[in-house]
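Presented sequentially are two complexes of chain A, the first with chain B as partner and the second with chain C.
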Partner chain A sequence: MSVKEAAPPRAAPRQHGQTAKPRRRSGQWWVPWLFLAPALILFLYFKFIPMAQAVSMSVQEVRPYLGNTWVGTANYSEILSSDSFRSAMGNTIVLAIGQTFGSMVLGFGLALLVEGQTRKLTFIRSAAFLPVVVPLAVVAELWRIMYHPTSDGLLNQLLGLIGLGPSGFINDPDTSLASIAVTGIWRGAPYDMMIFLAGLAGIDRGLYEAATVDGASTRQRILHVTLPGLRPVFAILFVLAAVRGFRSFTEVFLLTNGGPNGSTEVVMTLIYKLGLEQNRLGVGSAGAVLLFVATLVLTVCVQLLRRRRTA
Partner chain B sequence: MSAATETALGLTERTGPVAKAIKFVVYAGLFVVFAGPLLALLVSSFNHVSDPTQLSIIPKSPTLDNFRVAFDHGVLRYLANSFFVVGFGLLLQVAVSVLAGYALARKKFRFMTLVMVAILATMMLPEEILALPLTLVLADLPLVHLNLMGTLAGMIVPLGAWAFSILVMTEFMKDVPPELEEAARIDGAGEFRIFAQIILPLCKPALGVIGVFGFTMIWDQYLLPLLVATNSNAYTLPLALRTLRIDPVVTPGVVMAASLLALLPSVVVFLLFQRSFARGLTAGALKG
Partner chain C sequence: MGKALTWVALGMGAVLVVGGCGTSGAPKVEQDSKAPLELWTRTTPGGDGEKGMKKLAAAFEAKTGQKIQVTAIFDDFETKLSQRAAQKDLPDIVMNDSSQLGTMVSQGIVREVDLSKVPGTDQLLESALSSAKAGDGKVYGVPYSAQASALLIRKDWRAKTGLPVPKTWEQFTALAKAFTTQDPDGNGKSDTYGLAVPGSTKRGYASWYFSNFLWAAGGDFIAKQPDGHYKPAMSTPESTAAVKWFRDLACTDKVIQPGAATMDTPPTNETFEAGKTGMYVVGPYLMPRFDKSLGKDKYEVVPMPKGAKDSTVLAEGGSVYLMAGSANEAAQNSFASYVISPEGQKLGMEGDKAFSVQLPVNKSVDVTTVRDDPRWKVYADVYRDHARYAPSIPNWTPIRQDSADTINALIADCGLNLETEMSTLDGKLSAALSKQGVGAS
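After this line comes the complex of A and B, so read on.
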């Protein structure tokens, strides 16, 4: 990703120095490989072989102990034409968009509110950040209880205070996906907030001063100084959050497991069911490969857009 | 207000009573929304919560019964499993990353760029997508033909391949001045000695970053342990929460007590090492 852009200017002077000086003595040729060996073995076993296996399983009918048979694109056409996969893909996209924008907007607002140096703000920032370090499994169990669908449920009591509800939340097909998105936003917004805060710290303070002297309102300051300064941060957060949304599994698995009535089935829960419950590893792998391609396309698109804008 | 403390909203400038009141309400609201649910979890785990509607932020009759019942259901064993996985997983990940980082940052060799790109490319590969084939690999490790399914080792070894940690170590080790290394070499220090006694001690901040980040990441793992743990003996605590919840005799208070135990380690690590954590967060976002 951004490493690729940062690398050339960094590497260039290094190589330049290399040609000027005699080659630095760095032991035998195999020394670096010795240091790299553990990493290479583990990456091979747990990243590259599984990746290759996912691709090869996706074009085969996987039959444990019986041997696999080549089926070409049959798995892909089967999964692409199945209604459950299409609706899972739709749900995944809706969930990813909802969580991405929800967390980014809320995170940006939070970052503006808690920007500053005072001790009080540090405390608020740490408190607001806690959801990010709480294991997702705990978050899901906690929200499951808070979403209790009767009027005495914690969140329904709050809705009752403003004269609404009771809502079925995760038990009602109409609100289930939105409820999962809310949980995701609750956990994602503080993360985005932290990244925005790092971005805000990099904005030249003098620009604010100048804007104020020129009689700019707070709204104009944000529009013309803060937002342009944060553009790269927005791009990074967008990719991270969207990929996070695409791969969401744990919270959906624990909150609804795809229910009620398939209203929250996402690609990852579907793959899990295909692979583990129905033992259809080939079809499941085809789904995984498609999800990977979607993730890759999204990342590359955002990178290209970014490069064109900065160029 | 001086320019150095200027913020986007300019909130720090305003100190009138109205502005103060608004600020207080906003900050209190933030606290309630983000810390409130966790406070409810904390309080409920010490209360007799027998149905999901009793979750509350006001302590009623404090008791340790929830924890006692949770222990009866094997929560201590699951907690021990979690610690075992995070301990050895982190050890493996850090060891692999510092070794690889040393080679990538301090050495020049053929195919270096290829290795670097291959490792970094895995950062774009969400681990969830590899979950199914990974279980097949773990069931029959290529060449050595070991079956790690159903074992804690099966949850631990894949954690060694973590590109983020390698990236952080590589970037950090690049900044160690070459003079130090050359001086040691002239003094006759061997390759491993230079690594262990010169480079590594200078990388403590980076070790902090990958340690804290790795800890919370491993503690949060769910899908891989779920697929690997074929029986409940190998469950980690996050996995056990669901089993507890489904158990008809277990009350929500007990689930909250177990949840508290499941969140405490990573929250404590975060609170103790906030600085390293924030550094990892921005490095992860800006580099990843």
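After this line comes the complex of A and C, so read on.
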């Protein structure tokens, strides 16, 4: 996003080696771009050009074979004025917030529990990381089985043990969105955990020792040493998780496809329905562009907040 | 930050410039009678459907010497077709659901069929041929296969309850209740249900399934007016009664399998196979699968019981679409002609699994001459006497989608007010119809 971060390093750190020539070390300005080129070309071809096409499609009525016709902002006004888009936007925001905070809290808890260096912990960490590696289609099918709505369903049996239920989970409009959020948290938390672990490793051990010497309790150490030390990690995770939350598609598509009664319809499933099932690619693209703008605004806001705090 | 915003603005500008390069117009292609045909069929790659289609294509090749290449695609078929359309390089022939006609015509990717150049089209069943006519009265496809819905019942379960094959909706409900409450599988648990329903909104399944009940009750999604335009018809007394009856199966009688509201067809098929549901309204294409997984002797195929009006069920089928921009229109025509010829139809129906034709569309071909299985006769009779296709409007998908959303909502949330939902749905259907230019004012 920012120019400063994207700019190539001007010069390699100066070293007084015996073999390499200093002139080749500093290199030409285009050398870093040369190394970046393969990635940039791939990005251009598979990301930026399709994105550009989505923007251009959003102002046209798309008929791939007959040729598109310019309709101006009609697609936007149609999608913005539709109730289904507004309710999908609401569901998306609720789902994004729920998944973001749920995954962060659970991920942080997991990270604290498995922090350390013994061999057993490596195994446990890998085990905890598994949900991230499992394909989402498998995750969805697994949870569909667990969410079976009768009292002999897996989760309903557990609920039955504590005298609750049976819950309809994804089949009940009141609980469907929360159920999908739980699935998302289950999958997202280990990912957050890994980033937290990396952040935890960067915190100076001396601070903990000093705090212990000063008589700080575990709670105080977490509150006054760990959390402040993790501030940049939180910022990055927040952006990543929010973007991920906004783009939730696969688990919703596979578990409920927006139902029952539209209670889990998110922007992505709506775009899919409009664009690919009803073949109204123009209106679908307009929705996609709006989602992109919303994500962009969110990212920029977080960056601004972060900069203000560090400044 | 200001700098970053400038970059964003520049990026967006570039995006608009790149995107502005539009294209238009369908190209005219020089004809080449030797050009090989590329055929796309909507079926699972590597599956029996593909084998059946390859067999048919091979027979055509052997007979005419015309080369033909079969590609089977199942997932996102329409999306992939759109991509090829954008490249102006469509396959020559697409074999897909007849209900896709309106969408394909409005995209301009199929060419009009000149019936005089496709010998044998005069042999087609009236109802099948009418499914290939678009709203403008012109023919844009050649139907090659037909199917209708019939009722599958667990024979052993029904024997246990001692109830007859349902002839009316009352008997149907009674049987469904018996399957739900009388523990027909005898495992001592109440874990069986009367009716399997794919009630998800994916591809509009909820609406697709419900149409079998809606039409039998005399209701309709949309009603054709004398001037050829359409009015929404979901809040008529007949439609409302049908919805109420269907909803009671889920909400009051609780005979529909739990989780129906989020199930598309694969998990619903499994409930029937696994002995969790005792009745299922489906087309003949699932028989080979159930014969294998459940056993041929475990279930029976009967016509749907009579509703308030009659026993109308949903008819569907496959059509050969002759795609625009083909370099070999003559071969397109002759392939379509071959598939609907008695020889092609019989060949397409042969085999226990790898058949590409469900029910013949050629008047002179009788399904019983190829398959001596009486269950096929049931399907053939239902198709001939009681089946009805979805209406030909420019794009049926939004109608199906909107009504699926409402049916799905009603079976998932038993607290919703039915009349309100029906009139909201009518509002949506009305908007969808007028957007397509076929709405009655």
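One rule holds for everything that comes next: the second predicted complex is superposed on the first by the 266 of 311 C-alpha atoms of A that agree within 3 Å, B and C clash if a C-alpha of one lies under 4 Å from a C-alpha of the other, contacts with A are read in each partner's own complex, and residues count from 1 in each chain.
Just so we're on the same page, a contact is a pair of C-beta atoms (placed from the backbone, for glycine too) under 8 Å apart; a residue touches a chain by one contact, two chains touch by 3 or more.
None of the values given here were measured: they were computed from a predicted structure.
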Overlay on chain A: chain C relative to chain B, clash or fit: clash
Touched partner set for A:146, first chain B, second chain C, both or neither: first
Chain B versus chain C as contact partner of A:29, first or second or both or neither: first
Partner chain(s) touched by A:226 [first = chain B, second = chain C, both, neither]: first
Partner with the higher number of touched chain A residues, chain C or chain B: B
A:307 touches, of chain B and chain C: first, second, both or neither? second
Touched partner set for A:241, first chain B, second chain C, both or neither: neither
Partner chain in contact with A:273 - chain B first, chain C second, else both or neither: second
Touching partner for A:186 - first (chain B), second (chain C), both, neither: first
Touched partner set for A:281, first chain B, second chain C, both or neither: both
Partner chain in contact with A:112 - chain B first, chain C second, else both or neither: first
Chain C region in steric overlap with chain B, selected from 9-17, 81-89, 225-233 or 423-431: 81-89
Interface residues of chain A shared between complexes with chain B and chain C: 1-3, 48-49, 51, 53-54, 57, 144, 148, 150, 152, 276, 281, 296
Of all residues in chain A, those that touch chain B in their complex: 1-3, 18, 23-27, 29, 31-33, 35-36, 38-40, 42-43, 45-51, 53-54, 57, 110, 112-118, 120, 124, 126-131, 133-138, 141-146, 148, 150, 152-154, 186, 190-191, 194-195, 198, 200, 203, 205-206, 208-209, 212, 218, 221-222, 225-226, 233, 236-237, 240, 243, 246-247, 249-250, 253-254, 268, 271-272, 275-276, 281, 284-285, 288-289, 291-292, 295-296, 299
Footprint of chain A on chain B - complex, ascending: 3-12, 26-27, 30-31, 33-35, 37-38, 40-41, 52-53, 55, 95-97, 99-100, 102-104, 106-110, 112, 115, 118-120, 122-126, 128-134, 136-137, 141-142, 157-158, 160-161, 166-167, 178, 182, 185, 191, 195, 216, 219-220, 222-223, 227, 238-239, 241-242, 245, 252, 255-256, 259, 262-263, 266-267, 269-271, 274, 277-278, 281-282, 285-288
Of chain A, residues touching chain C in the complex: 1-3, 48-49, 51-57, 60, 63-68, 70, 144, 148-150, 152, 168, 170-173, 255-262, 273, 276-279, 281, 296, 300, 303-304, 307
Complex contacts: residues of chain C adjacent to chain A: 1, 3-4, 7-8, 12, 14-16, 18-20, 22-26, 76, 78-79, 82-83, 85-86, 88, 90, 103, 106-109, 189, 191, 199-204, 258-262, 264, 267, 324-325, 395, 397-398, 401, 405, 408-409, 411-413, 416
